[in-house]
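Take a look at these structures.
Both of the next two complexes hold chain A, though its partner changes from chain B to chain C.
And then the complex of A and B:
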């Protein structure tokens, strides 16, 4: 009955064309890995949590004494950056033996305090290879904690009396 | 006549075949587009998902006291196995105010450290109450304390694969229970007239609940008779006795008394076998029954009597009440011409130097999910 077939599709061609187009669309959507911002932050989050945990553990007194008796407060009070280096390193390295820990974390700790109306900061402690690893390092993660100390660790650049100082530790993989 | 015949030129006319094909295509395309959000979700790498689950699991374990919390889930005994479903979350923290401080009791329960207690968790429990999520995740949860050489592993965990897993490492402290290590100073010595050659006497340890459950003490350091065991160690009992004239000193039994509001004491009955839900009692490492069924035990200079009171301690929900644990001894002395000495007095279980306070032991927990 149909005298002229121009411009017509038959069922089988229609289905074939549909399937081809669908396969193409599906392939396009399914190929290629889309990196979401979350991806990059997961490993940061692990180091950050570890850093926060380590500072919290160091700022927990052994008995029910006030917080200024914690090991961390005493280290800042006595300006014992060397002790901080050893203990903080120990905490970062701790593991149960289930997985292999890559022991390549470096850190640099800074204390921020007030001297009258002037904010003041000084380098409190750092890891052994912190200088040489600066060039090749991955982006650093910052963890902070307010630490309660009862007096000035040294005479200049510090308020007297009870105060909170901010300890900031930058941690990175070398 | 019909319409077809009248139309001579059929160009640009849609046939039924094309309509059918196009409809199928459009329907399928709609289906595919509706699937796109799901397709995109699949594009995200699996790592993200696992890391998030590992993080969530570690937060529940380390920062949450679990549910139910009051009374705590870890007080369930072997008789409560059928109520295991009542546990909603297996958090290990001492309280919600003390993140990263874990309770020793909860740690032992969670890692099935006391297998003979009869109350155990299996892989399904861990998936339902800690890991959550609708997928059946594989896991490896471990805890290592600095003071111990072996790590604890959660039952049913698998060996960690070499890649593609979610990981979280948390630093913790485990709150170890307190111990009253009684040192027998001269305060705990009674004098006996030289003409009398034998005596039976009690040495008691007082556990004042109102002193212990002091809300002003941080839960991380609080001695909590409702959720922690209390230990009493008696040793070096001869250290201040003039032992020259003691012919024999015997441990004859132990009784627990509850103080009443008027100050009087009543004996708590029915606690006699040496090991029960309430306490365990050992003399020189050997189980000792306090009901008199075992003959009195000789006490020599290096003898030790150890007692553990299990939580919740009797009547510890009555916050103003207190408990006295009385250790009974009988003595026989030589008929010598000196004043005889025996153990007497009361040792208070409190926050002073009388008691070795709860110790926070450093440790690390690793949570691996895949």
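And then the complex of A and C:
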């Protein structure tokens, strides 16, 4: 069988035109999509989960009977920001032992509580702020945890008695 | 077209086909970081930890809190419950951009569940706790039945 070789250039031309039209349509329909690098969100998500898990561990009481204070509640009520710093840092640094993670997370913790219809806040604890952290850092992630405490928090001027306060921790990588 | 060199057109066409194939594969590869982004974003957007936090607080405190009763009113319990509810509502609204609320033992035929003993077996009376959470993207409602905690056993 003898193949017919005629008109091959026209075939190529046709295919090229088709591809150009496809690329044009693809570009037009994709231009509505704003692209941001996926990596940033993935590490943000990991830091967020790490923070929530650390707070949950600290807010787990030793005794499971109702209304039993957790270590975190005792820290907030006694205003032991230094203890919080040590323990929270320790949880953020945890690794499996087979890998060494980059230890560069910093945090700043604030306590919010309610006074009437107004939320009040005071600075509770923060990590050692290295100089590099003041110059440049990645965006901070916010994690929160409700903490039940038996009395008013350290700062004066607030309601006494049982209450829920909101602990908000900003975590970032320097 | 007459003076055009017609040699090797098959090779040129195969070259085109390979190029098109590589272009298509490149499109597939370029979608990969996009998938990673949307997954991580939706994980962050979904307030799993906040809901678990609120729910955990109510489960651990809830069984001692209720006892709201028309027959044997306990104003301390009611005060405590209102305190927690308002703390939760205001702090969620101001810091987490979310509406969070709960109620314990709805009224039924003019009686609270607790009084009418609607939920009860030989061991416990049960409290119904309704949890509501809405941050504009995710809405969550749940009804929990908690046995009344009795320190005396």
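The rule is short, and it goes like this: the second predicted complex is superposed on the first by the 123 of 174 C-alpha atoms of A that agree within 3 Å, B and C clash if a C-alpha of one lies under 4 Å from a C-alpha of the other, contacts with A are read in each partner's own complex, and residues count from 1 in each chain.
The criterion applied here is as follows: a residue touches a chain if its C-beta (ideal position, glycine included) is under 8 Å from a C-beta of that chain, and two chains touch if they have at least 3 such contacts.
These numbers were taken from a predicted model, which means no experiment stands behind them.
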item: Contacts of A:146 with chain B and chain C, given as first, second, both or neither; value: second
item: Chain B versus chain C as contact partner of A:15, first or second or both or neither; value: both
item: Partner chain(s) touched by A:57 [first = chain B, second = chain C, both, neither]; value: first
item: Contacts of A:48 with chain B and chain C, given as first, second, both or neither; value: second
item: Contacts of A:86 with chain B and chain C, given as first, second, both or neither; value: neither
item: Which superposed partner A:98 touches (first chain B, second chain C, both, neither); value: first
item: Partner chain(s) touched by A:165 [first = chain B, second = chain C, both, neither]; value: second
item: Shared chain A contacts, counted only where both chain B and chain C touch the same residue; value: 8-9, 11, 15, 26, 33, 36, 38-39, 42, 45, 49, 56, 64
item: Contact set on chain A toward chain B in their complex; value: 1-4, 6-11, 13-15, 17-18, 21-22, 25-26, 29-30, 32-34, 36, 38-39, 42, 45-46, 49-50, 53-54, 56-57, 60, 62-64, 91, 94-99
item: Chain C - residues contacting chain A, complex; value: 1, 4, 6, 9-10, 12-13, 16, 20, 23, 27, 33-37, 40-41, 43-44, 49-50, 53-54, 57, 60-64, 80, 83-84, 86-88, 90-92, 94-96, 149
item: Contact footprint of chain C on chain A as seen in their complex; value: 5, 8-9, 11-12, 15-16, 19, 26, 33, 35-39, 41-42, 44-45, 48-49, 52, 56, 61, 64-67, 112-114, 117, 119, 143-146, 148, 161-166, 168
item: Interface residues, chain B side, partner chain A - complex; value: 4, 9-13, 15, 17-18, 20-22, 24-25, 28-29, 32, 36, 39-40, 42-45, 47-48, 51, 55, 99-101, 140, 142-144, 146, 151, 153, 160, 167-173, 217-218, 220-221, 351, 357, 359-360, 362, 364-366, 368
